[in-house]
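Letters A, B, C and D name the chains as they come in the text, with residue numbers starting at 1 for each one.
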Amino acid sequence: MDEFLFLRQEVAPALMSGLWMSIRLILPSAVCGLALGVLVGVLRIYGNHFLKALVGTYVLFFRGFPLLVQLYLWYFGLPHVGIYLSPYMAAVIGFSLCSAAYHSEYVRGAILSIKKGQMMAAKSLGFSHTGAIFYIILPQAIRRALPGSGNELIYLIKYSSLAYMVTCIELTGEGKILASAYFKYMEIFMIVGAIYLLMVSLATWGLNRLEDFVAVPGFERIHD
Amino acid sequence: MKKKSLRMIALIITCMLLGAAGSAWSGAKVYINGFDAAYPPFTFIDKSGKPAGFDIDAVNWIAKQMKFNVKHQPTDWAAIVPSLKAGKIDFIASGMSITPERQAQVNFTEPYWQVIQLLVVKKDANLTVKQCLEPGRKIGLLRGSAESKWLTDHMLKKGYKFELRFYDTTPLAIEDVANGRIDAAAVSNTALKEARDKGLPVKSIGRYGQPDVNYGYAVRKEDTGFLKTLNEGLRKLKASPYWQELIKKWDMK
Amino acid sequence: MIGNGWKEALEGLPYILQGTWVTLAVVFGALALGLVLGLVLAVGHVYGKPAVRRGIGLYVWFFRGIPLLVLLFLFYFGILGALKLELSPFVVAIIVLGLISSAYQSQIIRGAIKSLPEGQMKAARAIGMSDRQAIVFTILPQALRLAIPGWSNEYTVILKDSAVTYALGVAELMTRAHHVAARTYQHFWLYILVGIIFMVLTFCGTRAMAMIEKKVAIKGYSR
Amino acid sequence: MTADEPILVVQDLRKRFAEKEILRGISLQLHRGDIKVLIGPSGAGKSTLLHCINLLLPADDGRILLHGRDVTGFRKRRVYEYRQKVGMIFQDFNLFDHLTALRNVMIGLVRVKKIPKNEARRRALRELERVGLAEHADQYPAELSGGQKQRVSIARALAMEPEVMLLDEPTSSLDPELTGEVLTVIQDLAAAGMTMMMATHQFDFAESLANEIIFMEDGAIVEKGTPQKMLYAAENLRTREFCARIHGYWENPER
């Protein structure tokens, strides 16, 4: 009974607020990361030399640096050049920029996998270059990129736990504080882990539904 | 040829694993001092990559006097007491505050240094201690520190509504005060002095209520013999001229 | 603050670089542990009884669904504490990263096994091999070659993840950078420095993997 | 504009890829209702020529005139307008794989011509009916046969109401039994008076339809003339050899 009260009065509220913070980290980062990733992926294929070099360097560094290093860089590094981000902003920017770099890889691969003829056919109908990319190439490329990009979103859910390291107290952070305060590491981290498992499973399920939803013959989800 | 190279790789990996495991349980005859590598001037890593600081010098002197071998092992502060109890390290000489909570877990030598716990704010800030403790204010401190325990137990649980921000190291907390992202940091006077020496635009606004704390070396409860050795060493050190030399060298007063 | 800070940061380089060995030991330890477990899991997942398969599926789901940081805390403070097992952060880092990697590696190897033509197993049985022999002598030698690109990727992931073990104070690159930062307050440059070291390690590792792939390549098993 | 003024004029068109000269000075004219067939060995530059005319590839030199207006210097918007007037059918169909047959035909109308969706749907259905595929309107390219795909792509080009159609070997990637349905559609187009230029290997088809056959080799026009002359009484030795070989192929398809 004591355990139950402890859970209800101490653990549940703290973890709920942590979970809420996690969700507030994950959702904007997912949206921004994906949008930016698509843009970068398109620029890597269709950009001019300068843009290609620019986004290429961006992807190289953001995929090469560990995410944790990136977060510290945004939070504790940027003040050295006069930019002060709140823990929340540092985390969201860090997550968005990092996952965009990975998304762009999938988008780029997907665009490359689309036959050249699609672009030509679109142009032969009078589409502009951007029009063809937007209406013909991207709708196909995004379907192709979906499995990879979906995985990236799952990673984002898990890596959101690193926000705790730059003092943005989300689910893991609340868990750590609770666990150290009550010396209940095992129980608390089991609960925290279970919540992440739930989030990841829900997201996986949702992404599969989404893939089925946008699937057209020739672009079906590959069931394993 | 192919098989050979595969076997080579397997061999290398095995060696690495064994080597790693070996280093984990070798060196039994040496007393390992677990220290916070980010707490200058007491303990830190110097330019050449070696442990350095007031406590390191002191321990080295004591070890020489009391004839034991010592190795200094950087250890994460938040996990330092569990590490000591688990036997991963043998003692902690790293500017550690003697607190009742810690005394329940480990034994301390007699105090060798007293520090004042202060609230540190940005140089140009117009804040009083009272204002810093108002709702919505953010106070940063070292994760797992005595300050964090005291502020939680004596302030937050008594109805104060300021927010605590936890950092991996003390310098990071002070840095964030200078960055203006938190209102204040709860640190010791020596940590403040160190930061100011490095040119950080911060200042003290005085004590926040935590009694002045004494630093001592922590030892496992069962290692009473070693505790005696350390206490004797400390007494000898304080009596010797080297003590004043140390204080001067690390600019402690 | 930006002026000569990089010089001061660079002076810490030798000390940080010593952390490379710790980082690499963690990474290769985890990869090796992950390979051994992953092999067993993969074979079990493909050829095992339904109950075994479900169990392995659960294992994979568990280790792929929980963040590394949470697993590190769970193992270091929770499980190992409860078991009264006294392991250093270094060993815990290898174990946790290895367990996670085993879940991913089992998927890589499983995919490779499944991509082999079915006739391989039949042919092996046809010449009188037991299932076990067929797997060890015909399936795995082919599947492991196909898995190399997947491992190359796994290496880069584990390498970058190893930075998170800083949370336990493992004396790897990130931890050492913070040691230097405590003395110099040059966080910006030190993080850049550490990031570049990681990039170099990534580059060297993937190069080495590509070389291994070439070495063990048989016609028809290239990428 | 008088009746005998050509719709499309190509003057001395040149194109090179790296070291290789693909087109070395091609000139020809298309009048209203003309059906010209390009023949020649693979690598002769037929496909490149058609792509250049559609401005899908930039020509290095030479002029292309639509109704007397040089289009080679056109930029952006005017290129898009030009392409709407010159339809293109590709060897490998190039249907948009993520869209149904109907949507394939609609998308150009909606996105390029900015026609309201309902109107576009009506017109698209009419074009699909014209190629005999109204009942397949909701199927995706992956669900259609090669012949059906090519008919959809013809409907897609027709929907833009082009004045000229360029057909790049429209049946060459189809199984022999599927070529018939596509050729029928093209025949219908010809009967309706569409101006066309087509590269093909279907000699019998060319013979019955074309009013001029153009033989190309190594990026140049070797000879041109009526089907009768080109297929049975060519002046040039290379033309005769090529035609004989193709005839032989048709008489003995197993080779």
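Throughout what follows, a contact is a pair of C-beta atoms (placed from the backbone, for glycine too) under 8 Å apart; a residue touches a chain by one contact, two chains touch by 3 or more.
Everything numeric in this text was worked out from a predicted model, so none of it was measured.
Visitor: Which chains sit in contact with both members of the pair subunit A and subunit B?
Guide: For subunit A paired with subunit B, the chains in contact with each are C, in label order.
Visitor: Among the chains here, which has the CA centroid at the largest distance from subunit B's centroid?
Guide: Most distant chain from subunit B: D.
Visitor: When the contacting C-beta pairs are counted for A-D and for A-C, which pair yields the higher total?
Guide: Most contacts of the two pairs: A-C.
Visitor: Determine the chain that sits nearest the middle of the structure, using the mean of its CA atoms as its centre.
Guide: Given all protein C-alpha atoms shown, the central chain works out to be A.
Visitor: Approximately how many whole Å separate the CA-defined centres of subunit C and subunit D?
Guide: Using C-alpha averages as centres, the distance is 55 Å.
Visitor: Nearest whole angstrom, what separates the Cα centre of subunit A from the Cα centre of subunit D?
Guide: One centre to the other, that is 46 Å.
Visitor: Just the number, please: Cα centre separation of subunit A and subunit C in whole Å.
Guide: From the centre of subunit A to the centre of subunit C is 21 Å.
Visitor: If you average the CA atoms of subunit B and of subunit C, how many Å lie between those two points?
Guide: For subunit B versus subunit C, the centre distance works out to 32 Å.
Visitor: Pull out every residue in subunit B that's touching 2 or more other chains.
Guide: In subunit B, the residues touching two or more other chains are 168, 172, 175.
Visitor: Quick one: which residues in subunit A touch 2 or more of the other chains?
Guide: 76, 79, 165
Visitor: Which of line, ring, star, complete and other names the graph you get from chains that touch?
Guide: other
Visitor: Got a list of which chains touch which?
Guide: So, checking each combination of chains, I get A-B, A-C, A-D, B-C as the touching pairs.
Visitor: Of all residues in subunit D, which touch subunit A in the complex?
Guide: Per the stated touch rule, the residues are 51, 54, 56, 76-77, 80-81, 83-84, 87-88, 90, 92-99, 107-108, 111-113, 139-143, 153, 156-157, 160.
Visitor: Would you tell me which residues of subunit B are touching subunit A in their complex?
Guide: Touching subunit A from subunit B are residues 78, 140, 144, 152, 165-168, 172, 175-176, 178-181.
Visitor: Quick one: in the complex, what on subunit B touches subunit C?
Guide: 2, 5-6, 9, 13-14, 16-17, 19-21, 24, 37-40, 44-49, 74-77, 79, 82, 86-88, 168-172, 175, 195, 198-200
Visitor: Going by the contact rule at the top, pick out the subunit C residues touching subunit A in the complex.
Guide: Interface residues on the subunit C side: 1-2, 5, 61-62, 64-71, 73-74, 77-79, 81-82, 159-164, 166-167, 174, 186-189, 191-192, 194-195, 198-199, 202.
Visitor: For the complex, give me every residue of subunit A touching subunit B.
Guide: That would be residues 76, 79, 84, 86-87, 165, 167, 177, 180-181 of subunit A.
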